[in-house]
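In what follows, a structure is listed as structure tokens, so that the remarks can point back to it.
Chain IDs A, B and C follow the sequence of writing; residue 1 opens each chain.
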Amino acid sequence: MVTMAPHRSLRLLLASAIASGIAATSLTAGHPAQADEGDKAVLTVAVSQSVDSLSPFLAQRLVSTSIHRLTYEYLTNYDVKDARPIPGLATAWKASPDKLTWTYTIRTNSTWSDGKKATAEDAAWTFNKMMTDDNAATANGSYTANFEKVTAPDPRTLVIKLKKPQATMTALDVPIVPKHIWETVGDFSKFNNDKQFPIVGNGPFIITDYRVDQYVRLKPNKTFWRGAPKFDELVLRYYKDGDAAVAALRKGEVSFVPNLTPAQAASLKSAEDIKVNDAPGRRFYALATNPGARSKDGKKFGNGHPALLDPAVRKALFLAVDRKTIVDKVFQGHAVEGEGYIPPRFASYFWKPQGAQKLAHDPARAERMLDEAGYRKNSGGKRVGKDGRPLDFRILCHATDPNDKAVGKYLQEWWGKLGIGLKVECLDNVSDPWLKGDYDLAFDGWSVNPDPDYVLSIHTCAALPATPKDTGATDNFICDKRYDELYAKQAVEYDPAKRAQLVKQLQSRLYDTGYMNVMAYPNAVEAYRTDHIRSITTMPQAAGNLWGQDGYWSWWSAQPAASGDDQDSGSSAGLLIGAGSAAALLLAAGIAFAVRRRSTADDRE
Amino acid sequence: MTTASASAGAVVERSGTATAYPRYLAGKLGGAAVSLFAVLVTSFFLFRIIPGDPVKAMTQGVPTSAEQLATLRRQFGLDLPLWQQFTDYCAKALTGDLGMSYQFRAPVGELVAQKLPATLLLTGVAVVIYSALGLWLGTRSAWRHGGLGDRLNTGIALTLWSVPSFWLGLLLIIVFSVGIGPVPGMFPTGGMESGDETGLAYVIDVAHHMVLPVLTLVAVGYAQTLLVMRASLLDEMGGDYLTTARAKGLRDDLVRRRHAVPNALLPTITMIFINLGHVAAGSILVETVFSWPGLGGLFYQALSVPDLPLVQGLFVVFAGAMILMNLLADLLYPLLDPRVGR
Amino acid sequence: MTTRSLLWRRRRDSVARFWRRFRTHRAGLYGLGALALIALVALGAPLLVGGDVQSVTNAPGTALESPSARFPLGTDQFGRSLLGLLVWGARVSLAVGLLAAALSVAIGTLVGILAGHYGGWFSTIVMRITDWFLVMPSLVLAIVLATVMSRSMWTVILAIGITSWPTTARLVRAQTIAVESRPYIERATALGGGHGHIMSRHVLPNVMPLVLSQTTLCISTAILTEATLAFLGLGDPTVVSWGGMLQDAREAGAVSSGHWWYLAPPGIAIAVVALAFTLCGRAIESVLNPRLGAGR
């Protein structure tokens, strides 16, 4: 239905002149031959991020992992309402009393798309491969690092033995692959799983075709145990430019566009047949403060400003940040004011500072605090430390993120009023100064998973690099004893309520250090065509997002609108004008050719 | 524009001293080989000074443990000392292997081969159209130089030439893709194909997608050809032989077609070759604006990772195209112009 | 004393002669007029709009207002007046264009004169390097350089300057060789004029006109390149320039949300300035070398 059929004759006119020139090249471009299946319901999603790999053992980017969620079953899935773990390939699971052995029961009604049954043997092989082959551990090795042994005593039982207790065992985001297909793969670091289509899987969709930065095509898996998706085809189409994607949505070339800017969302709200979905996001957007970069062997490195080691300075800086203005002006209301580390969307883990602990926007208090801490203003209105060094900070910003640049402008002016200088250093790739510890402040942000273990782990001492030359998993070189104790406790706590309590304490501690100051939780702003999609499930179901869900709910649940044949209406007049102008262009070219040919022909006389 | 005309001048200057074509040919081939080698070597070191740990940059925002980072670094050969990376690179480059892209985990050569047709198609068509247009308008302008038509012609061309191509592209998208006021959106906003067509419908589909990007490239590009053609034709028209031809009683347009235009074509053709050399690199902006799946977009994307092998490979391809086309222009010039090089 | 005044008079005469001929090129005059106007606006920007126009915390309007009496060109996403930003942006765009062109022409002139004067293997090597730069795709090289260095105005100036000098070098070298073949240079050498004397006293004044026209043409290219780099996100995000405004407009999604008034003016401004410099440059070129017949 989203395919474009009409007005061929006009396009013929338009293109016939160019056609001959194109023919040769398009042949070499190798377009796969496809039968025209007529009127099928196609759901087209605009994406911009390139697929890094279609191999579940290598893929790390959101677009690739989203595709894998659609095409492979994981042991567990996340509930569409509240993201608690629910059955996936496993129907039930149980931990032994010593917390070290997990037993999963594998479902009997999941089949690979080539007809073979999916069994515990496949899961065991997948995990064992990751444990024994470094290259297969590239993408998800962190999940299996603590595994002692994985076995499949029978086709319905999977047993995982751990080295030490691990609270994330019901949130193993590892696609289980068919052993009989993947056994033959030689070098896992080079195999991208993108040569033979369709790709054998057991998720709600099956990948049928892929062209780098052009499209990924998927068809519904008719034998999917939860029921086949309703659309006849799901296409991820590439638009490297956000505006092009939005324009395509307006015209009905695509059905869904994620990551809208506030201006785009505002203009799409008034558009016909388009619904804008403004959902609480899963990201936090924070101000990271360099706590003095160091490695596990105790060596200090980097050139972070020493004044930032003073808690008073960190607090004063954050007191001068008006989070409400950031939400209102930079995000134009498409965000929620920052509080604790984990976004409110994950209600069970959400924590916010209360009473005296809270650093509300209060520039006057910031002034007082700096005065008391001994950072007086000099004659030029600049705050100067006791060592005579002025408070001039640098902030690392991602050159590709408009929000960083915008917030940077506000910070410059807010902190300027305090007498603190700020240089906004925007880089395409901030990781180099960041890893070397050569920064004072930085814009920081992570997408939080339903299980918060990872985003918490990156602030532990264990995540620091081994030596200054190494790279650790650490986010901001934070190493705090009390934080580490709490982290260790929650990592082995299997009772969800108790663990949530510990996670909240962790956030409270992190807030008090003043090294990670969350400014906002940006919303997921996306839009879809209601004349293509009749209904679709968000996650969380009440008010949630569609793209980048933790489960496959949105695309699996999407229902095609009854009749979408009229989506091209109104463009026939446009095509006429278009064809006219194109024809004029070609005519000009043709005449020019003719003139040239005539001149050469005359020459030969 | 200035680059091209200067090279054209350089060709004349250099080839003028050559005595025999084979010797001239050998010299040019040798020079091109040296240039290509220099490009290979510099591209390696040029891109090593790009700051940033590619591995950490690639995994930005993705949960990754230190062990996984180490694995990635080993897979990409980044754990080796720089000199060893360099010798590996050179050895491979000699066999035509440009390495593996970090972010796509595919051979660079394969990626380039995948994207090259799209770029060649887009810019190739554009260069052909704007060269033809420039030649035609340039000839007209020169023949009636000083007249209203000439002034209008050069004026419009210069104005369009001063317009930033990406801006023109964005405006065209607003007007003809999104639609503004009474103008409905009638062209696709980006990409190369809708993806569902086959056969002739596919060709038409691609042509439909090409209209706006080609229009942008032509509008911004044709001035150059026009001006060079106009200038060299004016140059020719001052020549003695034309006066002689006219004195012999030949009709004006015959004089123009038979004598002036063919001679004036030489510098223009040289310039067209040089434009063809720019084909690969020249469309970075237009490809970005129109989401065209070609080399230009790939380059920009590779640079922001940084995907070193891919950036290096593309740089070599871009520079190689220039070297090749310069070489062809150098080689063809004496053959086309009987006055030079024989 | 008398030789000096004679020299001055001769120079004044030649400038007057140049101006008389330049005046006959109508397009060149238009370009010059436009440039004078824009330069006036850029210099007077602090008086016209005030530096406060850049402030986000004191922005007078709301986000993305359409043109009105209060904001003739509307507002940007922070509520700042776009007309004010356009006027303010002229300063950076012009400064970058002028400095980058000056850098490029200075390198080109230096290399060209040295190569032309010394000749021999020195010239061969220098010209090989020049040729090599000439075949480098210059935009690609500029993008790479801008990526390598930190984001600032000076980075952009350097990136443009370093990648665009070879054309000038070639032209200047050819001119230098032509000048040095004139008999009076031989006389000057015989009279004991050193290399430095010849190059600075005889060659340089004679290549100056060429350098001048080359600079004018270079500026328009430099302004376009600046806009391009800023548009690709390689400019300094903390200063307001025309290219940066276009990039802001695109990042805000102005294209697809139909805010054409955000997008159109900076592009037009860039085109007008680039065109004005080109027209001037072509007029100068054809005054100096009438055979080109380009400017008319």
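To be clear about the criterion, a residue touches a chain if its C-beta (ideal position, glycine included) is under 8 Å from a C-beta of that chain, and two chains touch if they have at least 3 such contacts.
Here the structure is a predicted model, which is why all the values come from computation and not from measurement.
The greatest centre-to-centre distance from chain B, using averaged C-alpha positions, is reached by A. Counted by C-beta pairs in contact, the busier of A-C and A-B is A-B.
For this pair, chain B with chain C, the centres built from the Cα atoms lie 23 Å apart. Measuring from the averaged C-alpha position of chain A to that of chain C gives a distance of 42 Å. Centre to centre, using the average C-alpha position, chain A and chain B are separated by 35 Å. In chain B, the positions touching at least two other chains are 50-51, 170, 173, 178, 288, 303-304, 306. Residue positions of chain A with contacts to 2 or more other chains are 243-245, 247, 250, 400, 427-428. Residue numbers of chain C whose C-beta contacts span two or more other chains: 147, 250, 255-256, 258. Per the touch definition, chain A reaches chain C in the complex via residues 242-247, 250, 260-264, 266-268, 325, 329, 332, 397, 399-400, 402, 405-406, 408-410, 412-414, 424-428.
Only residues 1-3, 6-7, 9-10, 13, 31, 34-35, 38-39, 46-47, 49-51, 145-146, 150-151, 155, 158-159, 161-164, 166-168, 170-171, 173-174, 178, 180, 227, 230-231, 234-235, 238, 277-278, 280-282, 284-285, 288, 299-300, 303-304, 306, 311, 315, 318-319, 322-323, 326 of chain B touch chain C when the two sit together in their complex.
By the touch criterion stated above, chain B contacts chain A in their complex at residues 50-53, 55-69, 71-72, 74-75, 100, 103-106, 111, 114-115, 117-118, 120-121, 124-125, 128-129, 132-133, 135-137, 139, 170, 173, 176-179, 183-196, 198, 200-208, 210-211, 214-215, 218, 254, 257-258, 261-262, 288-291, 293, 297-298, 301, 303-306.
The part of chain C that touches chain A in the complex is made up of residues 55-57, 63-64, 77-79, 147, 150-151, 233-234, 236-238, 248, 250-259. Chain contact summary for the complex, chain C toward chain B: residues 27, 128, 131-132, 134-140, 143-144, 147-148, 166-167, 170-171, 174, 214, 217-218, 220-221, 224, 227-228, 231-232, 243, 246, 250, 255-256, 258, 260, 263-264, 266-267, 270-272, 274-275, 278-279, 291-294, 296.
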